[in-house]
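Could you have a look at this structure, given as structure tokens, before my questions?
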Amino acid sequence: MNFLQSPLSPVVTLLSILAMGLALLAIYLKDLLAASVAAGFISLVASIIFLYLQAPDVAMTEAAIGAGITTVVFIIAVRKTERYEK
Amino acid sequence: MNVILALLVVLGLGYFFEFVLRPFPFGMEQLPQVAYLYIRDGLKDNNAANLVTSIVVNYRGFDTLGEVTVLFLAASGVAFLLSMCRCLRPIKRHESSEIIKTSTSYLYPSLIVFGAYIFIHGHLTPGGGFQGGAVIASAVMYMFLAFLDFHPSHSALSVTESLAGLAFVGLGLWGLWAGGSFLANILPKGEWNRIISAGVIPLIYIAIGFKVGSELSALLSDMITSAREKKE
Amino acid sequence: MNSLPLWLEITVGVFIGLATLMAVWRIIRGPTLSDRVVGLDAATTITMVLLVMIGFFSNRYIYLDVSLVYGVLAFLGVVAIARYFEGGV
Amino acid sequence: MRLLLSTLVLFLLWMMFVASLDPQEIVTGLFVAFFTSLITGSVIAGKEPLKWLSPKRWFYFFLFALYFIKELTLANLDVAYRVIHPRLPINPGIVRVKTKLKTPIAKLVLANSITMTPGTITVDVHGDTLYIHWIDVKGKDVETATKNIVEGFEKYLEVIFE
Amino acid sequence: MKIVGEIFLIIGSLFLFLSALGLLRMPDVYNRMQAGTKGTTFGAFFSILGVMAMRPEWFLKGLSIIIFILLTNPLSSHALLRATHRLGVPLAKKAIDAYAEDKEKGIVEK
């Protein structure tokens, strides 16, 4: 139990690798909305990791700001500018 | 070539973080002095069920005031920049479906009650002013998404926001006057794990909740309505 | 407290982990943007369940709030993208 | 009257979040519910608040919930069968159906229930016409589709919301 | 009660898995949405019911999560499908597309 809850447990490592892969995806996608979808997924994974490491405050803030408000702000920004990266 | 360089940088950063972070233990054993005191005395001093709240709002309450101010400055900056911007393209906008409209008119009060629940129980559950404010702003955002001509009253939002800020500073000054330091916890501590406990903390969280909620709502409504400007 | 037997924990964990991976695959591959959002939508519900389960395994009642807040705000993101497609933002 | 009912509904919601009978919680909840229904114009109570009081509607609501859970289970067995089957037996299409329901809330519940029944998803609502994506089209005309998709729910919802 | 909870947990996670499999296998967005919405809703319903069966004191909060999922999951799928059809993504091997016909005729706003 103690090992599984440490920051180096296999669960946390796997989830971090997943988050890193999605971050790479968000960089390489040319469609900015798809990139913001990937960024939303990163905040989902981050929220799971925080709750797994018993930090519910941080998990809730991440869920509130990362999943909802940031996506909406990205969408409004894309609406006002260009959808595809040149 | 670029990829190899990037990989090298990433590996170097990984080594650096491993090297730097390894000495810090994950747990209670060897904390720095102040953190140790916070964790040992936090529950006793403030009688809050949530230790993080007790640290963020009471010991580090002045920092939280700074954070709220930063958010206020960001919202004012966005409003100012958007009022200057004349570079928008005309946007043709469509109605949302009937189902979304109906469901939004039922979700909107429920989400406001949920946000209020989050920030009133800030000292008992992991929530707090910022999260509750974000939920309330999301309720306003649903109304924007569902109804084309939704306009929250801007003056009411700014009045709420200023009053909440005043309440925060006023509570701090009251603590300075009665307890000897800014934001001192002067109210009776109450019974553990009920709503009226932890002295001044729930009041501050209610103030922060109102402030963040109205600020985020005003920010989102600025961004969306400035996209609407060039409709005609 | 009553804890689960190990085999059941592993079964549930493997099922939910595989489901998350398949949703991620849909996000990576999806030919159109709608496919990616469908993947995100499914992953949101899976995550809500996962957060409730973490609360269950560590036996903390207050963790359920995190799941509810996550559900509210992720739904907001999906609806916002859908309204962007329709041209309503 | 509407304000009172809206306060009551929001207060029940608050008690559901709080899940304790502490008098402090009750007082705070009443205050929050009243304030919220004041600033949102008590939309949650609906146009005719007296409808909430009829016991017949609540009884039919219970029946509807049972029927809904049964349909939900069937829907998932159906989806599971189609997903596991190696050749994916699907024949999708979008059909029209007509509904007799008038009030917006009834249409909302009907559309949500249709989304949860076997193989159908509501795509759009336009007046009394619903456009349904059907994963296994059995009949292309309006009558067959209406009979297959809508009628099971309509007889409960008509009593509950109309 | 504990046995019931365990069975519910297994059923719920199995259906979550099956719906994600449907997300992977189905040919186009509309059919993927069919699998994605129904399977995840049912899976979440049963998993949380299982947790509630094992921790009866969590009943009300779990009930609010279930009601929220049952209300919003169909809504988001409906909004997304309507927007996708409006964007012009075609159906794979369609039998009939009455919505597109009505859009052509001008009954529904395009």
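Worth a mention:
Each chain carries a letter (A, B, C, D and E) given by its place in the written order, and its residues are counted from 1.
FYI, a residue touches a chain if its C-beta (ideal position, glycine included) is under 8 Å from a C-beta of that chain, and two chains touch if they have at least 3 such contacts.
Quick caveat, the model's predicted, so the values are computed rather than measured.
Under the touch definition stated at the top, chain A and chain D share these contacting partners: B.
Steps from chain A to chain C, taking the shortest chain of touch contacts, total 1. Looking at which of B-E and C-E shares more C-beta pairs in contact, the answer is the pair C-E.
Of all chains present, the one whose mean CA position sits nearest the global mean of protein CA atoms is C. When chain centres are defined as mean Cα coordinates, D lies farthest from chain A.
Between the CA-based centres of chain B and chain C the separation comes to 23 Å, rounded to the whole angstrom.
Centre-to-centre separation between chain A and chain B, using Cα means, comes to 19 Å. Shared interface positions of chain D, defined as residues touching 2 or more other chains, are 13, 17, 111-112, 122, 124. Among the residues of chain B, those touching two or more other chains are numbered 91, 94-97, 99-100, 103, 114, 126-127, 131, 134-135, 138, 141, 224, 227. For chain C, the set of residues that touch two or more other chains comprises 37, 62-63, 65-66, 68-69, 72-73, 76, 79-81, 83-84, 86, 89. Contacting chain pairs (ordered by label): A-B, A-C, B-C, B-D, B-E, C-E, D-E.
Touching chain C in their complex are the following residues of chain E: 2, 6, 9-10, 12-14, 16-17, 19-21, 23-24, 29, 32-33, 36-37, 39-41, 43-44, 47-48, 51, 54-55, 57-58, 61-62, 64-65, 68-69, 72-73, 75-77, 79-80, 82-84, 86-87, 89. Those residues of chain A that touch chain B in the complex are listed here as 6-7, 56-57, 59-61, 64-65, 68-69, 72-73, 76, 79-80.
Contact residues of chain C toward chain A in the complex are 24, 27-28, 33, 36-37, 40, 43-44, 47, 50-51, 54-55, 58, 60, 62-63, 65-66, 69-70, 72-74, 76-77, 80-81, 84, 89. Considering their complex, residues 71, 75, 78-79, 82, 86, 109 of chain E touch chain B. Those residues of chain B that touch chain A in the complex are listed here as 26, 50, 52-53, 88-89, 91, 126-128, 130-131, 134-135, 137-138, 141, 216, 220, 223-224, 227.
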